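Sending over a structure as structure tokens; questions will come in a sec.
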């Protein structure tokens, strides 16, 4: 019967190898994502803006609208943008 | 025949949805990794040290040995460790 | 006369201590920044939006306008916003 | 007497400008740190190991010794290092 040391040894190796396999899979997918952005860029799309769109699509629509409104208020208060008259 | 606008629109949507699907897969695997670390912790392993082991297993053995030797030299020079006599 | 070892030892200690002093200063300022955000929050400002404003103020105005225009075009193409008629 | 809008406007500007000044100071110090590492590199020191030494000097000595011991135990269990006989 395997003694406690051997059990712990096998458990350790199993955890390490499972994590390494998963990290390998994760890296493969990260490379796939980079490839898609590369394809998009080659097609003429702006990848920085693509990332922004993807970030926005994760946001709750109302929450985003509220944040945009606060941002405009702050920018207007600093004289960086003009708010439409009725908003002021 | 789809005009240029429609083609670009479909291309944009396709790139966005491909990236979102891949990011979803990546997130699932990241959660799986977190679960394995959770299991290891529950089994009594130190997850901080597990991460260190995984990092070390990625390194070239000779390169790691060389860095450890330089580190020991610096630590000894600062009086933080004692080097075995023949190393000094 | 100090031998080469001693010179290297003193140089190492000097570099380490200079870096540590600078890192200490940097941490103090980072804490000051956190305090100002805390004050702003207590005054009722949205700190997430404050960060966004500070980020925008670092950007070139024309570059930002161009990026906003591209972003709107992509969002409209995905049916996420309506563009004013003349922009379409 | 300044109305509430003006008060809020001035407060907003003051917070923004205070944060920007502090961020500027922080960036200057970050550049200074980079310069010192540059000097150390030019003198022949390994900057990657310098960073490691500085990280170690922040750690509690006993905590570091304990972590090193656990790390060695895990590495030995995986057959990556040999532990001195009495440690095993």
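Details
Letters are used for the chains, namely A, B, C and D, taken in the order the chains are written, and counting of residues starts over at 1 for each.
As a working rule, a contact is a pair of C-beta atoms (placed from the backbone, for glycine too) under 8 Å apart; a residue touches a chain by one contact, two chains touch by 3 or more.
In this text the structure is predicted, and so the values were computed from the model without any measurement.
Comparing mean CA positions across the assembly, the chain most remote from chain C is B. For the interfaces C-D and A-C, the C-beta contact count is higher for C-D. Centre-to-centre, using mean CA coordinates, chain A is 24 Å away from chain D.
For this pair, chain A with chain C, the centres built from the Cα atoms lie 18 Å apart. Multi-chain contact residues, meaning those touching two or more other chains, occur in chain C at positions 12, 16, 50, 53, 57, 74, 78. For chain D in complex with chain C, the residues that touch the partner chain are 11-12, 15-16, 18-20, 22-23, 25-26, 29-30, 32-33, 36-37, 39-40, 43, 45, 50, 53-54, 57.
Against chain B, the residues of chain C that register as touching in their complex are 5, 8-9, 12-13, 16, 74, 77-78. The touching residues of chain D, counted against chain B in their complex, run 46, 48-50, 52-53, 56-57, 67, 70-71, 74-75, 78, 80.
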